[in-house]
Amino acid sequence: MAPHNDSSPAGSFTNGFNKMAFQPSGSSTLTVEDLTAELGSSYDSSSLDAPISHVKRPLIPGVYVPTMCFFEKETEDVDTVTIARHAVRLARAGVTGLATQGSNGEAVHLTHSERQVVTATTRKALNDAGFSHMPIIVGCGAQSTREAILLCRQAWKAGGDYALVLPPSYYAPLFAPSSQTILEFFNAVADASPIPIIIYNYPGAVNGMDMSSDIIVQLAQHPNIVGVKLTCGNTGKLNRVAAATRKLAKKYDPKNPDFLVLAGSADFSIQALAAGGHGILAGLANIAPKACIQTIELWNQGKHTEAQEMQEIVSQGDWTAIQGGVVGVKAGLEEWAGYGGYCRSPLPRPTAEQSKNWKDGFKDLMMLEKSL
Amino acid sequence: MAPHNDSSPAGSFTNGFNKMAFQPSGSSTLTVEDLTAELGSSYDSSSLDAPISHVKRPLIPGVYVPTMCFFEKETEDVDTVTIARHAVRLARAGVTGLATQGSNGEAVHLTHSERQVVTATTRKALNDAGFSHMPIIVGCGAQSTREAILLCRQAWKAGGDYALVLPPSYYAPLFAPSSQTILEFFNAVADASPIPIIIYNYPGAVNGMDMSSDIIVQLAQHPNIVGVKLTCGNTGKLNRVAAATRKLAKKYDPKNPDFLVLAGSADFSIQALAAGGHGILAGLANIAPKACIQTIELWNQGKHTEAQEMQEIVSQGDWTAIQGGVVGVKAGLEEWAGYGGYCRSPLPRPTAEQSKNWKDGFKDLMMLEKSL
Amino acid sequence: MAPHNDSSPAGSFTNGFNKMAFQPSGSSTLTVEDLTAELGSSYDSSSLDAPISHVKRPLIPGVYVPTMCFFEKETEDVDTVTIARHAVRLARAGVTGLATQGSNGEAVHLTHSERQVVTATTRKALNDAGFSHMPIIVGCGAQSTREAILLCRQAWKAGGDYALVLPPSYYAPLFAPSSQTILEFFNAVADASPIPIIIYNYPGAVNGMDMSSDIIVQLAQHPNIVGVKLTCGNTGKLNRVAAATRKLAKKYDPKNPDFLVLAGSADFSIQALAAGGHGILAGLANIAPKACIQTIELWNQGKHTEAQEMQEIVSQGDWTAIQGGVVGVKAGLEEWAGYGGYCRSPLPRPTAEQSKNWKDGFKDLMMLEKSL
Amino acid sequence: MAPHNDSSPAGSFTNGFNKMAFQPSGSSTLTVEDLTAELGSSYDSSSLDAPISHVKRPLIPGVYVPTMCFFEKETEDVDTVTIARHAVRLARAGVTGLATQGSNGEAVHLTHSERQVVTATTRKALNDAGFSHMPIIVGCGAQSTREAILLCRQAWKAGGDYALVLPPSYYAPLFAPSSQTILEFFNAVADASPIPIIIYNYPGAVNGMDMSSDIIVQLAQHPNIVGVKLTCGNTGKLNRVAAATRKLAKKYDPKNPDFLVLAGSADFSIQALAAGGHGILAGLANIAPKACIQTIELWNQGKHTEAQEMQEIVSQGDWTAIQGGVVGVKAGLEEWAGYGGYCRSPLPRPTAEQSKNWKDGFKDLMMLEKSL
């Protein structure tokens, strides 16, 4: 759970927990050169001796977008211009925050260095466009504890505010029973990370490993673990987690909960809210951010019937996004927003006919999006 | 979709669809002897020449219970006394309907003959206690089309009103692509069954086979397919199915929809309702029917906050039921209601310590149940 | 492990083990009428009071065939004429034994009654053609202990000599840890079955459940468990099981081992023999029995190079059989042997083009088969 | 398939295939500093302009070891001293080659830089101990084509001779049908890699993706794809692949085949040889190299009975290795050879009792090993 925003981290955490260091106000510009110099000193702890300051960008309820990562069509190099453009478009649409290097962000196709470039580019674009308050979540999962911690540090240096962490899974058959290894992993990363952790439960990405509500609630008690993204779609589990973590707080504030519970897909937005969830971190918002935002707004305003009508259109559009994944959503973006490009090889590039199918699959959703 | 209740089946169905025959008014008593005589004539089609009459027990929104099947502790023979007692207890608690031979009903542990005894016993008990209006759904899934049809006929003869049908899965790698084999299976069974079909989507029970919203909506267009139970927990899919099937109806009546969409677990009751679902068919209602019913009632009355408070207790209790399955729920019933017994071998019988754990796991839920 | 053939069962088995009753010499004719009369008395134990006699048909190394089950093209009724014809063709080709109701035998598409008809038909056909010495193995797996025992008894009454038993899997998440439930299941069935048990390890058919060499070796110590069929393809496991069970015997006779270890597919025949296995129980032998037999014969005669040359042709043909499963093998039989028919619905019926592909896929193998 | 050793690469390969560049004789020393300088120029193609020379280290039949990677107990930093010691011990035991960064080598726990350190350390240690002829295979699988190519280049620079490549799997649901994406991936990597590729088929490590014999044989036709490691354990597939690739060669030489087929575990060594395989690339050889070598030697000398006796001991020891994975094998090494240490976090460190169990599990195997 996160400490109150105004408390000094010193002395208020569990043993072994590093002083939290945050980006000092204003100095949020990182260049690629800065990052390259960083590489040789991945294990250098001196970088942690930044002045302790308040969290500048709280993690509040709303719509978060796991941003796609864009590449030049010829070279497949990272296309920072489009990354910046996309981030600003989403910010202007009214999203609450962005997440780089999620599954939608082709994290597994990027080197550590490229990951930092993506995050830094996003941070700079947001700041330059007047959104310096908008938080950035960064995907930092890895198979080893040390690499996960390294990614958290690199994310912080590149401008990230929170780390989204999948559990390790490659050697799952060798893990200690009763999720002991998973608990140790998350606690160790949370102890060492300069930015707070959001647990990422996505069995499909980790060979079927599914963290139960019990495990998530247990982890939620670490001061540096502040939320969960549930892509498993299990709204019963979401309900258990939201209820239990709400009760853990001394004073629960639904507008600024200590532990944020996010649904991992737009097709269960209002279902998640009904179950006590706080919002979504969903790929569909890359292509239809306003529709995602408005659905949740209407529900929160008590306009349930209107929210349900909008949710139906969103759910049908999300079905296209689910089937197409990063390939289909990029094709949809290209067709409807004029940019998108392709995923890195070996992912296939849609034929003209396939692109048209993706376009049609998003049509009703985009009609709604344009009307908002 | 089901035809309107007052229309003559003649001429209003697709080609190849058998005349539907229903239980004539009043004559709903079937004895075990009747059933034994039945066995030799499984393929005798003359039994279908019953007079056509109206559906006496409509499938309306509410809480349905996939009843557990009870066995004598010593012999493991079917315990008809407890089956009857349990059915009446649930009916008096206010459930909308019962389902025999679901996963909770240990269908895979019963012979065809025993299945019919269970259904007939349930029908008789309900009738004798004044619940002759209450519909019974019967699990009728099988690997071959002909056996599924046989089970539907046997279910009808035993007093069942609807058939709950899983897709076949054993030879799934040999099925035709694009779900063609699944579509053919369901259409063939729906064509031949004397009772309407409810599709059962439960990937965990069928080697991972997961029917998409597209397939379910396509099947919903058969006049003799009248609903779906979604145990996959995917409320995005539920939303798509509810929306599309609602639009298929000439005149949608939320109190009596043509296609009933049911959630397969109590821990996503209000989430399902928010998404357009009509109720639940959930194992937890075996042990806490009133809590399940009241949660849904409060939501439907617009008392969302109270419904959410109750849903939290239900979800935590459902977590115990999910972990324990038929073994844990029977132990919970035994501890809290004084009956339950054991599952058929080889399922383990809980030790005293394990039974206590199951008891504790249901405690908060049962405190709520007793207060209603 | 099986007791020596000449020892009286009385007094030489573990507690609780029923007197074994065997088919009395000569009276091996069972009619369909006999079987129908049987149905009402499934749990009648008086049928076990048959006189104790010696095992007439030992389970020796060689090629066993899990026979396909044939159906009339129009009605899908069991086609006993073709079943009989097929059995005799295989016997004349020189196989060591047949197995009814395996995966190839569409057991999941048959009622208990039909299963017995298939086994009885096979027994009669073999006897009438002069193969009364040939053993029949019968698939008897079920989800409940009592149904597995019932199937073993029905198999024995229908003329079966051995029961091939899969572990239960439907409620696997509820099983006791350390394979305890599996061990109890197999011991209980072995205690009660009038015919000896062969363990069937086929993870693909039971939701991924894979029995380890440790479990199989432990079960092999029951006097009424006499072999294992390994369809998992794990020849390391096969090596461990063959080695450990060989050492359990007082006096190991490779021509008549106490515990028979069979490979579940023809494409690893000589590999299995190299690893200490005793033969195969493989679907490919339905279509190319002589090729399967000769491959093993050559290896056993020490003609390894010739055996390896033949194995290559067999493995390539087996690849077609593996891809096509029961659908492809029936098509191959129809094309190459003039009979085969179709699988029961909902399994697809191949188009003319698909049938031609199956035919071509078996061509080299059939050229070899015809040359033998 | 690999070109003959004495042919000039120029002009003899498919379009788009880069000039192959090999390590010049003698200059095989790479320091960590060399490697650090490398990092900034990952995409710099000038490094490919090395003089073309002959392959110095052919890939011949035998026993290859996927070496474990060793870490300091306190810091978890890479322990180059032990890596070097281990490599030399294996070389002196008589293995044919080593493989770094396989699953046993905790590749997923290493940064790109550390991977190169491991390979370079291994190369240097072998050279210094007089084994400069011994080939090193390096694990180079990745999710994107470009990173796989990068890893191949880094492996070559660090002293690797061959690249062992898993197929990508993270976005498998989005891949083109008929394995098209997999074929494109391998062909693109093979086109660009300065070292030849060995296909790695290990479904357990890639979310169940299993490449068929058809796909492997098709890929084998690329001049820069020279072998396959089959960890799937399917010796039927191995037989098909060995047969088909043997027939592709103009002139097959069993002592130096164009396409090397290796079994991925020691418990099916002789089974693989019987099926046409050329050897093993197996983790057990980390702890018992001589036993693995001798088993294969005896078989190749025609001493089949002795080979089978030794295979049984090897298979039982391999069962311990399979269950323990990298955790259990390191514990076994520590107990039996005096070094091993631990796996990187979050993998658990065995308790004293667990270590003793691992020790006992390897006992018979180690008695055999010490006797050789």
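Each chain gets a letter, A, B, C and D, in the order it is written, and its residues are counted from 1.
One rule holds for everything that comes next: contacts are C-beta pairs under 8 Å (C-beta built on N, C-alpha and C of every residue); 3 or more make two chains touch, one makes a residue touch a chain.
Since we're looking at a predicted model, the values are computed, not measured.
Looking at chain C and chain D, no chain is in contact with each of them.
Chain A and chain B have Cα centroids separated by 39 Å.
Chain D has its Cα centroid 36 Å from the Cα centroid of chain A.
Between the CA-based centres of chain B and chain D the separation comes to 53 Å, rounded to the whole angstrom.
Touching two or more other chains at once is no residue of chain B.
Interchain contacts (touch definition given at top) occur between A-B, A-D, B-C, C-D.
For chain B in complex with chain A, the touching residues are 213-214, 233-237, 239-240, 243, 265, 267-268, 270-276, 304, 308, 311-312, 315-316, 318-319, 322.
Note for the complex: chain A touches chain D at residues 36, 39-40, 42, 76, 106, 108-109, 111-112, 143-147, 150, 168, 170-171, 173-176, 180-182, 184-185, 188, 205, 207, 324-328, 343-348.
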